[in-house]
């Protein structure tokens, strides 16, 4: 398998196809227009400048097009940049497609769906089970394709489902260590907690917030969806309020977007599981690009900390 | 009209009927049981101790009963207390009823309803008008009887509707000063912003939080109700999201219970109107009991400030 | 009327007179000097680069000069920039003057003065009235010309008086809704609250903080002025302390610059009125430049929020 | 098994032996001395007043003595109190000993030691293994008897080791879910993170902070102990710094007592595991005393939240 | 010299004259009135209860009267209390006067005045010298008698001048270590920084805040006084603004009451000197009552910390 | 003496030797490589661009080399930049050495050592004296050469010792004003408080954090060193814990890096002395470059404040 563009070192030459994620026009200090291209493959993204770009270039090299590039990897203000030597749009004979360039969860979505379904299948409380199954079915396509966020963690195709599957693994081990936990409530909470993202976000490519996402948010959207589903399935028991509470409180605090703090044991734990999996994902991805004896870049979503990668190596 | 119990000065004798708001048993330092009674009339409440209270007294003097009391107003740790000299339960021939002892909004609820309805009637946007009318009708009885809160401000019978009526007066003057405001959206937001309190709270007497109130909260409950109403009335326009946003963001910040901060001009203004009317109510009620040249008690919900009442007197 | 420069869209050509607000020399990556010009008309300001600028250009194109420019509006790092094609200094025959290029309150200053005076005239408390009139007279010229701030809100010629006039409108409606408010004290507080800005700031053009403004601040400067005025007018009554308190506390909290929080009802309300009018001004001006369905830029002084402009349109 | 004193309801009579945890002299309002006794059994503690207590009573009823009590459980200011009817000191023939009255971890200390040792045994990195074993041996007696804290969580005999054993269970499941974690480093961190408490605290009975505990703290004490042990064992590799860092940063933030925030993936996870096990312990113990449909008391160490216990019941 | 009441240990008998600082009436649980007396001598204050107090006792034992008391020092809720056995009002033949019972600075006020005057005399900048001398003269009587605060630090007769004298000692040593400091400005700032307290507070006995103190505060009062003095002395130089700034900013931050943070080197240092001397005073007084090997009570104004007094003893 | 490069004004020509502090390669908008050089002499540092830099230039002009430069001082984005006209590497015949270009404390290190030693000599408590002398000796070379920090204050050769010497001057004057202070403990704390920086930082040139510095920090490193030294010198008295506490708490608060707040009077004072000397150093150095009537740049480590330099001039 070829090495992704973000794994090239400064000074290396790169020659391969890349997807244009965004293309912005600017004017150079000599007065001539240029394009700032954000190019990506499955390993991540890199910036490149296309100098002396005429009006036709703006059309040729716009977002969501695929290009063949030859260039040198350079460093600019501490970040890597690709200095373009040759560039051309891809043609039909190149046999490349957008999906080849998008970062995707390391597990296929069918497997992810299976793991989630088997967990729903195990639930003993039929009220929680029916509502969970109903909502997963309703949003199934998006659930399996959406990222879990626009940035920071799991910001890749199927990121949402992948995040949920890892949280389910954590939830299972928690329930076996602490049997006083209500496993069904916790599983339902894990599966639904971020499902509102399928309304909050625009989709898996060039992901942005929708108007409903900005003004209402995935938490409140999901609380309403649960009420709706319960009404439709004619369930009027206390579990529905508990489940709504889990979704409502999973950000943990008002200043992090939850209108109520966790007031159920399972809600408190859900908040922790969400955090742990998100942070593991961020730390692993940052450390993957770091050499032993060195530090990652500062990670904004981890209180702007940098992490150290030791020289010696043990692994689980 | 008789002076309420909270307007008596230390040293004065008090003789009248009072409603028992709560009654709690304790044990005195001599080992004998006593009752701590919280007694109220329309002016507010006062604490009293009933010493040497036998088991039958616990039954006779329990919450929501009315009593005739003769006693002296004393000061205990800086707060007034009623020293009971004589006490007896009320009888049928006393012709007193609970409603006589509850603090109530200074305007009758019919008038409040009229003011709210006339405002709904004036709305030009029929989508906002229909949803608002639908929800007001659905909760009308509670809307006119509930307090706006369990403490701090408008914590009296019809407090919720009274608060809304004053906010509507403010909203009208705002819209005439700043014509760029969307009056219909603002009016709808004012009328519905706290309507979820009719589910969050238990009712107008001995008001407490319900389980739904504690775990979901009036803001999220109302957002779901608006979605429901819109579905029922088959309205699918952008205004519904805007209205949900106004309710959602009316506490202004995450740490104050709003999962989203105001992102519409009318939402920002709604937050201000809510604050101004609540604070005017708290300050007026505290200053009413304060003598010129003196300070109110510290008011917790106003950042624990105390307010000064000047000697000289101007009025609007 | 011609469209202001800030209303041009990217790609449009612009040809008109503009005022140079500031001119800064830099060195291009080819080693040649250039000028960064900030150009303004009544609609606001735009940046432009003048390449290959010799020493004589620095003299010709310095701040407070007027120029005729032909150029294209471009986008640079998400902000608009004017690419200069032709530029020349204005001449006497062009008949343009600085005042034509400064943003100014939408009401003439004579009208603003009339509204303020009529409010002073209505005051019944002669002590408050005399001090207010005295201080307004003393600073009248500056009061009518100064902006209310160097940035964020009402940062235009006559912005200070315009801000006061709108706050007076709000104050009047508040006093009619809540008659317990002391209207005279509130009016005096509104009129004087920011008058210290005439000492704090340097003037209506290229507004900056004076040394006294930086080290003492408009709040403390005005408190001293009120003491001075009271002494001169031989007024020694409690109202003077109350009025000083209103000015002192109008920022609401220590961290916002008020050494005392509001401890009078009117002081609390003054703080709200100041906030509401400042925020309405910021939101209106940002939304004016925003298309329906889109968001304003993030507004730093509004907690860095962005505001949404709905598609549908209702108006008061 | 007899029901512990803290499980008695208000109104019930209690008759059994209890350990005096503390005894404080006061003067009643009638001028006579009395003793405030804090009495405990394995279920927890309850306050009682001993009226008219002479000087000899102060000697008889002092801390760490055992007494036989007959009394009624009453409510005082919302907390339970025991009204003493009869009391006498225990005698040799009563065959009771202090250990019978101390709350103790639900697992015997031999088992706890076995679990910890088997985990040390599994470690593959011999440097980490040797230091961990060395320090556990050095403090073994205290490690198995000390509580994990003076209050809030695991504040019982063997609480420290019990807390460590549960964190090890969590650590094992984390390492199997996220194989990129360095299991040896994480296990060593879990085992040693709170071992400094054996110097910070005075012991398992009437636990208090030592002077070293107050002025240096268990975190810094342990960092020094690791340096010492490494020197003694002649280990000079990078792992020692990593292990010190895990201990140093396990409180997560400066304001929570860690001079450095986690900068290793395992340090971040250690902080989470510590939190989760402490919170599960607090929530479980509070909910155990709560009836379905009711709330726990507010728990200070959980941001003063109260937790709800639902009516319906699912369990893992 | 006799040992003050606050130096008595629990269990000791006390027999001496004391000043009644405050006297508050309450009702005992047997229904009889009693008085809570706060009694003081130069060592500090102690609470006492006078049971079965008739109306004549309220007159006899009111604030600012002196009494002869025989009683036992007891402990109540961790604080000392005096159990009265005998009490009588003082008579003329007792030859005691209020001044004997007030805590007073350890240096006579004439000496304090001399130290301050000699510092003013040393000033070389005549503008700063004249204003400082003018204001010290104007408030001289109060300056020498007032405390520096109502509680926390230097809350004794002449506390204000004593605090200033120690800050001057610190200021002198600072100026000799860092010669770049403007000594005259710093001395003037030290002398005037708290002089507004003579208006803010009611006086040296039963010290309370005045209305001006509450609503304007000593900082703003002094800024106005400096402006006034400068006008009267016809000084219009930059130093006056600098001096006002020193007073204005001496609390260091908005949330601590300064509308501007220090923006002059001398202002920054003034803030530190004020803090150091206040804290030394608090720590010394708390440690004086603490035994070696023990901790002081928690001191609220020192972030609620407690301080340790070591066993071993070194002294400067 | 020649004027340092940072004292040149914009527009001046500069011709002298400079040390290359860092050299970073970039690509210009014309596609050609260039070097960004950070050049320094004893007055501070200035940025310069070397355009069209070939591979051999990267070798010639790398960090820690000395160059002869002819250039013009220009302004770029408000900061000074040197526009290079001629540049060449220094040769042996130039007789320049690195030490000539490093900013150094204004006192030679022998003098600094003498002042510190004479203070140790004066100590009366032999335990504190021996430990202090032992640790100073152990780290003597680094102690006299290291800076006190990488930026903000005393970031120059011998900065650490210079900072300690000034803090000792402050400590002596404090002990003479407040004789209750334990001078020996305070002196020992001053001398050792930052000595851990010799492990935390990499050295006096191009100073960076070591791995131990980042993960453990100078505070914890020093606490361990004191324990070690005490063990080696066989001292087991309470003073060692006190001394560790002074080092541990000298940052004052958890969020500033101290795991314990000061709980000894001397610890509180140490924190203040550290702050005062650091701030004096920052303010003096910033004001030195500021003209009368102007402000310094905003200083991040002083809460981002700017300081004013008055026109008139008094000095101590």
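As written, the chain order gives the labels A, B, C, D, E and F, with residue 1 at the start of each chain.
Convention: contacts are C-beta pairs under 8 Å (C-beta built on N, C-alpha and C of every residue); 3 or more make two chains touch, one makes a residue touch a chain.
Here's who's who by UniProt: A, B, C, D, E, F = 3'-5' exoribonuclease.
No experiment lies behind these values; they were computed from the predicted model shown.
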Per the touch definition, the chains contacting both chain C (3'-5' exoribonuclease) and chain F (3'-5' exoribonuclease) are A, E
In contact with chain C (3'-5' exoribonuclease) as well as chain E (3'-5' exoribonuclease), sorted by label, we have B, F
Note: among A-B, C-F or C-E, over half of the D-E contact pairs reappear in C-F
Cα centre of chain D (3'-5' exoribonuclease) to Cα centre of chain F (3'-5' exoribonuclease), whole Å, reads 45
Expected list for chain C (3'-5' exoribonuclease), residues touching two or more other chains, is 29-30, 211, 214-215, 238, 242, 263-264, 295, 308
Contact graph of the chains (line, ring, star, complete, other): other
Every chain pair meeting the touch definition is listed as A-B, A-C, A-D, A-F, B-C, B-D, B-E, C-E, C-F, D-E, D-F, E-F
Counting only contacts in the complex, chain A (3'-5' exoribonuclease) reaches chain F (3'-5' exoribonuclease) at residues 28-30, 49, 51, 74-77, 81, 83, 293, 295, 308
The chain D (3'-5' exoribonuclease) residues in contact with chain A (3'-5' exoribonuclease) across the complex are 124-125, 128, 166, 169-170, 173-185, 237-239, 242, 261-265, 268-269, 272, 275-276, 279-280, 283-284, 287, 295, 302-303, 305-308, 310-316
Note: in the complex, chain B (3'-5' exoribonuclease) contacts chain D (3'-5' exoribonuclease) through residues 24-27, 29-31, 211, 214-215
Seen from chain F (3'-5' exoribonuclease), its contact residues with chain D (3'-5' exoribonuclease) in the complex are 211-212, 214-217, 219-220, 223-224, 227-228, 238, 241-242, 244-245, 248, 253-260, 263-264
